[in-house]
Each structure stands twice: as C-alpha cells, then as structure tokens.
Amino acid sequence: MADLSANLGFCTLKNPVITASGTFGYGEEFLPFYDLDILGAIVMKGIFKEPRPGNPPPRLHETPAGLLNSIGLAGPGSGKLQEIIRRLRAKTTVPVIVNVCGEDDGEFAEVAGIFSAMDEVAMLELNISCPNVKKGGACPAQDAKHTFRLVRRVKERIRKPLIVKLSPNAADIVAVAQAAEEAGADAVSLVNTFLGLAVDLDKRQSVFANTLAGLSGPAIKPLALKLVWEVCRQVRIPVIGMGGITSGRDVLDYILVGAAAVQIGTVNFYEPAAAVRIIGEIQAEMDKLKIKDLSEIRGQLQA
Amino acid sequence: MADLSANLGFCTLKNPVITASGTFGYGEEFLPFYDLDILGAIVMKGIFKEPRPGNPPPRLHETPAGLLNSIGLAGPGSGKLQEIIRRLRAKTTVPVIVNVCGEDDGEFAEVAGIFSAMDEVAMLELNISCPNVKKGGACPAQDAKHTFRLVRRVKERIRKPLIVKLSPNAADIVAVAQAAEEAGADAVSLVNTFLGLAVDLDKRQSVFANTLAGLSGPAIKPLALKLVWEVCRQVRIPVIGMGGITSGRDVLDYILVGAAAVQIGTVNFYEPAAAVRIIGEIQAEMDKLKIKDLSEIRGQLQA
Amino acid sequence: MLDERGLIEEARSLDGGYYQLKIAAPRIAAAAKPGNFVMVRVSPSLDPLLRRPFGILESRPPHIWLYYQVLGRGTRLLSALGHGDSLDILGPLGNSFAEMPGKRVLLIAGGRGIVPLFHYAQAYAGRQPLFMLYGGRGRADLPLLDRIKALPLRGLFIFSEDGSIGQKGLLTDGLEKIVRTERPDITLSCGPEAMLARLARMLKPEKTENHASLEALMGCGFGVCHGCAVQTVAGSYRKVCDEGPVFPLEEIRWPT
Amino acid sequence: MLDERGLIEEARSLDGGYYQLKIAAPRIAAAAKPGNFVMVRVSPSLDPLLRRPFGILESRPPHIWLYYQVLGRGTRLLSALGHGDSLDILGPLGNSFAEMPGKRVLLIAGGRGIVPLFHYAQAYAGRQPLFMLYGGRGRADLPLLDRIKALPLRGLFIFSEDGSIGQKGLLTDGLEKIVRTERPDITLSCGPEAMLARLARMLKPEKTENHASLEALMGCGFGVCHGCAVQTVAGSYRKVCDEGPVFPLEEIRWPT
C-alpha cells in the first residue's frame, strides 16, 4: 500500500490533506463526522487579537462551480481561540495550525507570538492574503516588500514553523513567494481566494457591502494549479497547494506540480466528510498507478 | 418595450450581444441555427496573415463550469478570410468585426491594414491577448508600453474603429487599458481567457503541449466582471465586457458595471442558439425591471 | 447530525409550484425535532455547488417529508427527481421549537413557512392548546390546507391576499383580533422576512413570548462557514444554522 | 443539423456498463445517416459544461437510439435519466459511411465502435454483401450480439480478449484470414484508437478501400471550436466533427 506521508522538511504529516482555514471552523464542528486524527493537519479559522463581528450579510454568493465569500473574518479573538484549542487537544492529536491575521503588522506579530507560545499548536499560517478585511481587497501579500518586512518581523517573535499564505491577486505572486522565503518563511501556502464581483441588478449594488469578495471552489482549480506550479519552480521551501480540490486526483495534481501538501476548503461545506473520501481516493489512485510515495511524483511535471 | 440598442460612441449596435472571437467560427457555421441579423455584431475567429495549423491535440479540457483551450489560433490566413467575409455578406447584414492577430507588431499592423480596406468589415478587434500563441502564455497585452506602441502603430494603418482586446493575465489590466486608450483605441474589450493549467498524472505532463491554456466559461464570470468594472472606472472609451456569460441577466450585470456591450463565447459551443435566448432574456428582464434602455443602467453600480 | 443517503419514495407536485418529497432517511428521521432542518445536495454535479436548506415537514421514522417551492436552479433540479432517486441529506440541523406543555400556542405561518409549524402541530397538537394563523397569496399558495384542517387545532385562521380562500388580506391583518380572543401565551412563526418584521412590531406591546424561525443563505448548515449571519438588535451577528433557525422574535434586527 | 429537444421513451441498462436510449427526436431521426453522430446535453447544469458526442445506433423516425458506455461524469449523469426525461440533442452531425451498392463491405467494430456500423448494417444489409468483424474484452462487452446476429449479414466473426465468446484474441488477429477468404472491396471500421492504428498497418498492403470513424474530444460538434483536431499523415489537422468523423484510414497519422 502506498505511503501517503507528506514531508514538509521541518515536519512530516501523516498524509498531504490539510483542512483549509475558514472552511473547517475550529475543528470541533467536524467531530460528528469523523476522527480528525486521519488528517494531515487542520488550520483554524483566521484569528485576530480581539473578537470581530465580521461583515454584514449577505456574506456568500454561489457562482458556477464556485463560491464568493465576504465573511470578513468573524471570530472570537485570540483569548477564546486558545481555550478552544486546549479543549480540542483533549479530543484529537491532529496537528493544529493557527491562521494568524492582523489589521497591521504589529497585530500580526502579536497574534503570532501568542500562539507560538502554545504547546498545542504545531505551526502558524500567516494570513497576509485575505481579500475581505480591507475594502477593495488590499492585503500585504499583494506587495513583495511589505511581505518581506512583515514575515521577518513575525519570525523574530515566534519559535514555531511559519507558513505564509499567498494571494492570487498579487501582480507577481512568485516575487511575493520569494520575498517570504528570503524573510525566513518555512513554507508558503497558496492560493487564498481570487477577487471577484457579483452584482444585484435590482438594487444596482454589489451583492456585498465590501463590493469585492473572494472566489473559491472547483471553478478556480485550473487557475490555482497554474500559480502553485509557478511558485514551486521558483522557491526552495515547501509549498502547500490549494484551490478547488474535490477529489484524490485533484490532490495528486497539486503534488505533481510540486506541492508538498494541500489544503481542502470549500468542499468541506457541502460534503462535511469530504476529507475521508479524498484520503481514500489518494490511496486508491496511488495504488492503481503504482506510486509508492508522494516524493515519487512531487514536482515531476514535465513542462 | 425596452430599447436594446447599444451605443459604442463611434457606432450604435442593434443590441449589446456580440459573439466572441474563436467561439463563432466565421459566422457561417451558425446560419443553420438562426438569422445572424438579430445580433449586435459578430467577431470572426482570430486571423494571422498566413494560414496556421494550430496546436497539436488535445486542444480542449473541460473543468468545473469552465473550459481550458489551447487551440493555437488555427486558421486559413487573411486571404481566405476575405473571401469568407464577402460570401457571408450575401447572407447577413450583421456588423462583422475582424479579430486581428500577429506574431509580431509588424504582422498585427499588416493584417489590420488588409481588413481595414474591406467595406464588408465594420471594425477591427486587436487580439493582443491570446495566451496560446507563445509558450508560457506571453502576449503584448501583459505590458502597457508594448500595448501603447502596438496600438499606435496599428491605428496609423487603418481607417476603421479599433477595439483592443485585453488580457486578464496582465499584472495591471487597468494600466494596459489606459495605454490602449492613450494610443488611440476606440474601445477595449475584455477579458480574453485566464491562464490555467491541467495535468495528466499518468503521463506526468500537462494536458497541453504548450503547458498552459486559457480558461473561459461560466467559472470565470465573477473574476471577469470584477476586471471589467475596474477598467470601466478608469477609461473613457467604451468597454466591451465578456467572460462566462450564459444569460440575459449576466449581460445586464456587465452593463451595470459599465460595459457598453458584451461578447458571448463558450456558451455558443454547447448551445448554438444561445444568443437568441439571451437577447430574449435581456428584453424580458428589462421590461420586468422597467428599464427603458441600456444607458439607464450602464455604469450605475454603486460601489 | 449526520450525512445520510436518503431514498426518495414519493415525489408529489402540489399546487402553486410546491412539491412534497417522502424520503427514507432512518437516522435523521429518528432524531428530527419540530423546527430542525436539513441540508440537501440537489445534484451530484459541482453546479450548483452548495446544498440547499429545507425544513422538515413531518418525521415518522424511517421517513421524513420535505415540502418546498421551486424558486431557482437548486429547487428546479430537485423537482426533477422522483421515486427511487437518492439524495445526500445532512441533518437534523439547528435548534427546534420547544414543546410548551399546557401553554396556549399560536402558530403563525406564511407560505412555505408552514413547514416547521406543521411539524410542531403534528407532534404536539392534543397535548397543548394550539391555534394556527396561516396565509398566502391565494388558494394555490396553501396546498397543505386539507391536511392542516385534519389536525386537532383549537382554532385555524386562514388569510389570502387575493381573497381566493379564507379572509382577504395579509395574515397580520387578523393578528390583533386573534391575540385578543385566543389569548396565546406564546407565538411561533415562520414566513417571509417582511411578515416576521411586521409581526415583531405588532407583538412588541403584547405579553406573548415570541419565537420565529428564520431563513438565510447557507453555505454549510452546521456552523463553519459563517455565511448565514443575521444581525441582532444588540448589533452582533448570530448564525442562523446552528444558533437558530429559531430565535426570540425581538432579538433580531428586522428591516424597517 | 438542428438542436432538438428529445424525449426519452426507453432507457435500458445492458451488460458491461452499456446503456441504450430510445429517444423521440423526429427531425433528427428523419435526417440521420449511418455514421452521423449527435451532441447531447447530459444535464441542465453548467457542470459538466460541454455536450457529449454519441453515435446513432439506429434511426427509425420519429426515434433514434443511442448506445453508450459509462466512462466518466457525463455518461454517468446520462445513465441516471429515464423514461419521460428530455434531452437537448444537436444533430445529425458529421459525414457518414456512404452506401456502396454491389461492393463487398467488411465492417470492423471494437467495443462501442459498433454504433455507426450497426446503423450501417441495418440500413444497407440485404442491398450489398456485408461482413462483420466484432470484438471486445469479453462477452459482457458485446451486449448487442443477439441483435447483430439477426441482421442479414454474409458473415459474422466474433472475437473476445478473454475468450468468453467467439474466438479468443483481438479482432485484428482474425483480420488477415477474413480478408483472404471474404475478399472485401471496402472496410469500414470504428473502435479504440489502438485498434484503428493496428488496422491501418495491417490493411496498408491490401487493396481494400478503408474508412474509419474516429473519436476525439469535442467542444461543439459543428466545426466552430477547432477542439477536435486530428493530425493527418501530411501533417495538417482535420476536424473530426465536421470533416469527419469518417476518414480514409490511411489519411490519419496513427500513434505508433
């Protein structure tokens, strides 16, 4: 039977399937569906220092094979999340990744520091790419220099591995990935959602109060796969790929273009036990194609 | 009954529905389905000076609610297209737009010159945004300076209105649109296809010989609508919007964000008479919402 | 809460664009309480992508019944399914309308809002004094009326906007009088937002305890996407799917 | 060529993952010739987006019959449809296998490649001497065999890879002998690419005229997308949908 373990360099996961931030709540919500220990890791919903109400409704809009969201990182704040993580630790040994947010660089560093100090947390993912915080979708990951500065500052404050989550809305995502690498990121993950627009003709307004929203789901997979492939060829640190994954085959596509692991997002909403199916499909597909382990295909795309 | 006419400034179309280049053949192929005179205009499949074989198969790959293509602008060359257009003129009075391609600036100008001289041609669309000509997807529309230079050169050679077709793969599509405007473009159209990737795990290769391909279809609509909205706010020349249109409502969404007209592409493949349905839906929707004419909603999105 | 493959045993098209489904889903049926809802995957395709939320009209294990209106693409696809087709159903979800032994309860249902209240009436009628105020656009909008008449209600008051059945008018037109004459302790309501907003205004001066079941766009139905937010009078947001769908009527900030 | 709303009157599941549909589509049925195909919209949803091409197994106005194998998402969705469902069907498309009065014709069908050749045999058997060489993986792969045996063929030669029916082996194993003994003037073939490639090599030295019906990924089916290109020995591309699907076997550049 194929070996599914995923080597991130600084650690090895049981398998490459990580549940994506903002699509898996704080893990607890999925306990009725399956044992979280089967997963490679889980990423907590993005967290700021203080509680945030999130954006006014509507926050979602379905598009063909896709989902626009403007949740606005509603959340209970870092204090409450620490409690939740301690509670979760009693129920599962799955590696927990905290998705760190901030209104400014100082907040990013502060929140990162808080969770770096928690034994229950395996690593941090720096969410410098959320399009729903600032109106117009601006975020640090659109700018390589800002990314470099911010990542360096955060790295100084923490002792845990740091994944930097990139935005597909940057003019040059490869440059931003390289800036993160140079600044000391242990890995990059991509993609966060693509900026999109949906309008309400009757009201002559955007569907969303923030005008723009973030597109996720199967619709974006060919676009995200292209970006992951490009970044994989230009950085040496491990890359965690995501965008529109719904099957084991999709996961292996990302590994083939060079990803060390993947995250699954939107699929969790409409199929709560999707991860169980997907991990099974990876196993079956690798056995069928006689692939012994992921390193055998990782980055092997001939281009 | 609502007035559907679409004002492009330099001319007025019967309605805002134009069939997109590469998805409508040379018009003739649709004569079995409906009378082309019902359309606002048609755009011919992209043409180079000489015949081109196109890319090796596979040239298509279906994605969730989308289509990746790497046709590579197969075509009979400008001489043959002139004949086809003359033949078509006998069968329809629909305004014909020629989609002008080139391997280099010189060829663009030469082909534009050829069709500018034809009475049967209403206007030209400069296809500086095809991702399937050069390996890696590079095209003039990724660069504002190149766009300016090329558009100016073409404008000097022609006497017909020039639409410049933009690429969503530019780092800054607004800057490219403004460059085209400054160089004398009469309108811009967007978007051409988004660069995407699909891979074949068994062969460890891209599905496509050119590695990357262009994504079109409903999947891209929220992304394309966002880009059209941004360009509309930053240029004064008319904008022709497209990307993933499948319904009358979709058309009105583009008008609402500021487009003067639209193009419909991929939908023609799976529903040959789509334009008839869509024009009917625009009419019905406008009547329902008591919109007298398109100018009443064009660009009226409150953001 | 679980994801169960349900088997459609009967699909009926009713008046007014309504449909009724009888589905074998033993584990969900066993756990369902009045007010709960389910999330249904209407198609195996990726478009539409999300499940759709539907209340549970009736639950008699191993079956549940759904009752829905064709509104858009998802419900249209659903209406094409029939006997022998299967459906992924996630449920039972959300909180419920609690049983109120001995209390006089007025059920207020507008259009498809009948669903959780029918379930409630069926489960608890006979055990407590129930009254129902039920309204819609016209006769065709109330296809469950015959079944409702068969329930042991203390009183049933019908309104239709076009006067084709019952009294002519909005159901809220009858509210004041019914509250005076029947003196309910509690109102349970479900219906269009405008109806609930009007109820909230009208019931404010009354001494009744008021609970309403809300609708919202839902991405997941089990609390993870935060897509179903509704604003409270306090200004904060609540998730309709797992903090609701039933809320105290006065807790919600209704559009004015 | 037209886009017609067809009504499924019978949907049968056969052996080997094959299905057969009887569809009322009067205008397409009236125009269909052996070798033509149709493009079917398998779902009203936007995923899958494109229509799927299928040969016409039989056409007796007002009906056409399709015969297909479940391969992926599109065909799986199709297999869920039944009596009373309707389908958008574009056709008849492509060129056809011409009638060859008086000629001795060998039909060579691999697996689902039987479709256009069955149509041909049904239309022209009796009017010209027809032979058929038909093969598949095993018995289950040839569910039309009984119907084929009922056709007035001059000769029928069956091969199966697992030997479960007919002679054991690839159908190309029998080709040489059949060509020697039956002396066909013409071969018409349809089947997997590897089979057609082998036929092309084997028939090269023979004096037969050889035509093959090809498959290709299709975006439109009527010549506008240029997605269905196949390379010729001359190096240029032909469109399978409107320049084919039937081509002279020796004109195509087969994989080696």
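So that you can tell them apart, the chains are marked A, B, C and D in the order they are listed, and the count of residues begins at 1 in each.
Here is the rule we go by: contacts are C-beta pairs under 8 Å (C-beta built on N, C-alpha and C of every residue); 3 or more make two chains touch, one makes a residue touch a chain.
Since the model is a prediction, treat every value here as computed from it, not as a measurement.
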- Note on the structure: Chain clusters (touching), chain D not counted, are one piece
- Query: Among the other chains, which touch chain A and chain C together?
  - Reply: B, D
- Among the chains, which one keeps its Cα centre farthest from the Cα centre of chain A? D
- Message: As a quick test, compute the distance in whole Å between the mean CA positions of chain A and chain D.
- Response: 47
- Task: Indicate the whole-number Å distance between the mean C-alpha point of chain B and the mean C-alpha point of chain D.
- Result: 36
- Message: As a quick test, compute the distance in whole Å between the mean CA positions of chain C and chain D.
- Response: 52
- Message: I need the residues of chain D touching at least two other chains; which ones are they?
- Response: 46-48
- Note on the structure: Expected list for chain B, residues touching two or more other chains, is 64-66, 217-218, 246
- Query: Linking chains that touch, what shape results: line, ring, star, complete or other?
  - Reply: complete
- Task: Quick one: which bits of chain D touch chain B in the complex? Just the residue numbers, please.
- Result: 1-3, 41, 46-51, 88, 90, 216-220, 222-231, 235-237
- Which part of chain B faces chain A closely enough to touch in the complex? 63-66, 68, 171-172, 194-199, 201-202, 204-206, 211-213, 215, 217-223, 225-226, 229, 244, 246, 249, 252-253, 256-257, 285, 289, 297, 300-303
- Contact footprint of chain A on chain D as seen in their complex: 46-47
- Note on the structure: chain A contacts chain C in the complex at 22-25, 29-30, 32-33, 45, 53-54, 56-62, 64-67, 69, 71, 74, 217-218, 246, 266, 268-273
- Can you name the residues of chain D that touch chain C in the complex? 43-48, 73, 76-77, 80, 85
